[in-house]
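Same chain, two partners: chain A is paired with chain B first, then with chain C.
So, the complex of A and B:
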C-alpha cells in the first residue's frame, strides 16, 4: 500500500515537472484587462467644493428614519402605525427600531415551531393569558407557552405570527 | 557624615521606644501606642442633615430638555439640578433626562457580563511551569530495567516522580482578552445609569467648574449627607477642571472623570454619581444614534450624510 502511494505521488510530480510553462505576458492577458498609461498625457480635471452638495443629496441617512403618516391603514404592505394614544391596558408592547411589531417565527434545533413575542412592558402575565385565549380555537390541545420576565418575552408553541400581529394591531400597539 | 548621624538617631529612637512598651505592658490599664482613640464614633454618632425635597411641579423652570424623540408610553424623567457652589441645596431648577437612558429594564445578567469583561480583558496570566523536557536533567536511566526489584523507570523527570516535570501545567503568558458586542456594552452602561437613578444616587450638577478661591467641598458634602460616601464626578470635555481637580486631588472619596471615560465598573464602584449638565446632550445623541442606526453601517462603506 505504501509503495503504491509513493508511486502515485512520483507520477504527479513528474507530470508537473514536465509541463511547459506559458510565458508571463500571456497568462495575464488571458483573464485581466490590460491597462495602458501614457505618461505624456495630462489628466484634465476641475475641483469644485460647491458641486459636492449634489453628492450629499444622494447619500443615505445613517439612522433609521421615522415613517411618514399614511391616510389609510393598513398600507399596501400590511403595515399599521401605532395608535396616537397609549392603549389603556396593564401591558405595553414596544415597536422594534424598524417600526415593526416584535414577533419572530422560528424553529428550535429539532424543528419545533415556535413564536416569540418580546419587548413587553408591564404585566406580562396578562398578555400571556390573552394570547392563550387567542390561539386556543386553532389548536387541538391546550396552548403551550413560556413566560420569561427577565428578557420580557413570551414563547408560544407553533407558528402564530399573523394571528398575534392582527391582535396587537387592533389593540393599538 | 550622614551615615553616622542616622545611626545615632536610630539608636536614640529605638531605646526609649522599647522602654515605654515594657512599662505599659506591666501596668494594669495598658493601651498600645499605635491605637488611635477619637472623641466619638463616626458611625454611631453620625450627624445627618434632614431636608425635605419638594416635588417638581410644572411651574419649575427647566434648564435642559430632551433633544431626541421619546417613545410613546414613557415620559421624560425630571430631576432637581444641583450646584457645587451652593452650600445648601436650592431647589430652583430642574433637568429632563431621557427615559431610554435612565429608565431601562435592569437586566442583571447583562450588567454582570459587562463587569466581568472589564475585569478580565486586561489581565494576563504569567504563571508557567516546566515540563519533563525542560527540567535539564534525568537523561539517564536511574536503575536497570530488570533485576533490582524496583519499579521500571526510564527517567527521573517523569511527572510521577518527586521533583519531576509537571504535565498539563500553566504555560507561559496567557491573555484573557475577549470582545463583547458593542450593543451589550451600551446596554450595560444604560442599566448601570438606571440603577443609580432608581437608588437615588444620581446627582445632576450645573457644571464642574468652581471658582479659584474655593478651598474645599466640605460644606457641599455635609449639607447633603455625602461626607462618608464616595463620589464619581463626570464632566464634559470642554469644561475647565483645573480648580476642581486641585480641590479633589488630595481627597480619597471623590474622583473626576471625563465623559468619554464613563464606564460600568466605575459607576458601580462609587456610591454616588455626579453628572455635569453639559454631558447629557452628547450622551443622549450618542446612545440614541447607536440604538437607531442601520446595523450594516460599518461595511462595506460609511458614506452617510449625517455620520457623527
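So, the complex of A and C:
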C-alpha cells in the first residue's frame, strides 16, 4: 500500500516537472484583444504629444476656479458676488469653497424643516437677533433659533433659505 | 443626469426653465425635450443627441480612472435596435441623422414655437454638418486603440496593420 502511494506521488511529480510551458517571449499580454492570428512582430507605435492636448481638455481641474467678473449682479442663476470691501458689522459670514452662501435647508427626523447658517465669525448673537427679526413676519409663532458657538452656526426652525440669502447678499457677504 | 449604475443612464435635457433660458451653448446629450431644444436654439446654441454605451459613458464620467487602467481606448458601440430610430431622427438632432434634414427641422421648430432663428457661427455650422465626434469614438481627438500615458503626458498610437484594422472607425 505504502509503496503504491509513493509510486503515485512520484508519477505526479514527474508529470509536473516535464509539463510543457510556453517560452516567456511568446506569452500574450492581458490587455491585447483576442487575436485569431498569431503574430510575433513587435508592436510599432508612435508617441504623440499633439494628441495629448485632447486629453488635457477632458481632465478635470484639481482646484475650484475663481468665478469670472460679471457686469451685472445677480447673474441669470441668481448668484451675487461677495463685496470687495469687508462689511462694517460685528459679525462676518464666510463663503463656502464653491463661492456660495453657507446656508443649508435640512429635514430633521419626523420631517421637521430646519435651516442652518454656518461659517459665522465674530458676534454670532448679533446675527441671530437680526435673523429672528427677519423671519418673524412670515411665522405664526415666535421664531425658534439655536446658536451653536463651537460649530459657529445658527439653526433656525423652518425653511428660510431664500429670505436669509437675500439678507446676506444685501449686507455684502 | 442619471449615473451609469441605472438602466436609464445619460443626460436628459428637460424643458423646466425654458422661459428664462438665455445662454448660448453647444451641447451633446442623450435625450432632449422639444421645448428644451427650441429654448437652446432660440438662444443661438446647438444641441445634438448621441448614444454612449455604459462602458463609454463611465469612461467619460471619469476619464482619469479610465486612462489609469492602461488599456487601449475601446470603440464606442452603436445604439441598440430599439434606439436606432431615435438617433436617426432629425427632429431630435440625432447624431446618425441626415445633416440636411436637421437644418429643415430647425426651421420647422422655429415656426412651430414662433421665434426667429439666430445666425450660427461658421464653427457651429461645420460641426452640424460633419459632427464633432465620430460615432465610434469615445473621446474627441483620441482614436480607439491608442493608450494615454498620463505620467509622460503623451498618447501612444499603434502603427501595426492589425491594430489599425481593429480600431478602424
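What we mean here is this: the second predicted complex is superposed on the first by the 121 of 173 C-alpha atoms of A that agree within 3 Å, B and C clash if a C-alpha of one lies under 4 Å from a C-alpha of the other, contacts with A are read in each partner's own complex, and residues count from 1 in each chain.
We adopt the following convention: a contact is a pair of C-beta atoms (placed from the backbone, for glycine too) under 8 Å apart; a residue touches a chain by one contact, two chains touch by 3 or more.
Computed from a predicted structure; not experimentally measured.
Novice: In the overlaid three-chain picture, which partner chain does A:44 touch, first (chain B) or second (chain C), both, or neither?
Specialist: Second partner only, chain C.
Novice: So, does A:60 touch the first partner chain B, the second partner chain C, both, or neither?
Specialist: A:60 sits against chain B and chain C alike.
Novice: Name the contact category of A:3: first (chain B only), second (chain C only), both, or neither.
Specialist: After superposing on A, A:3 lies clear of both chain B and chain C.
Novice: Figure out whether A:76 sits in contact with chain B (first) or chain C (second), or with both, or with neither.
Specialist: Second partner only.
Novice: Can A:52 be said to touch chain B (first), chain C (second), both, or neither?
Specialist: The answer is second: A:52 touches chain C but not chain B.
Novice: So in the superposed three-chain picture, is A:152 touching just chain B, just chain C, both, or none of them (first/second/both/neither)?
Specialist: first
Novice: Looking only at chain A, is it chain B or chain C that touches more of its residues?
Specialist: Looking at chain A, the partner in contact with more of its residues is C.
Novice: Identify the residues of chain A that lie in both the chain B contact region and the chain C contact region.
Specialist: 59-60
Novice: List the residues on chain B that touch chain A in their complex, please.
Specialist: It comes out as residues 69, 71-73, 105, 107, 109, 289, 291-294, 297, 303-308.
Novice: Report the residues of chain A in contact with chain C in the complex, numbered from low to high.
Specialist: Where chain A meets chain C, its residues are 31, 33, 35, 37, 39, 41, 43-49, 51-55, 57-60, 76.
Novice: Inside the complex, what are the residues of chain C that reach chain A?
Specialist: Against chain A, the touching part of chain C is residues 20, 22-23, 60, 63-64, 67, 70-72, 139-142, 146, 148, 150, 153-160, 162-163, 166.
Novice: Which positions of chain A touch chain B when the two form their complex?
Specialist: Against chain B, chain A makes touches at 56, 59-64, 66, 82, 86, 92, 94-95, 97, 121, 150-152.
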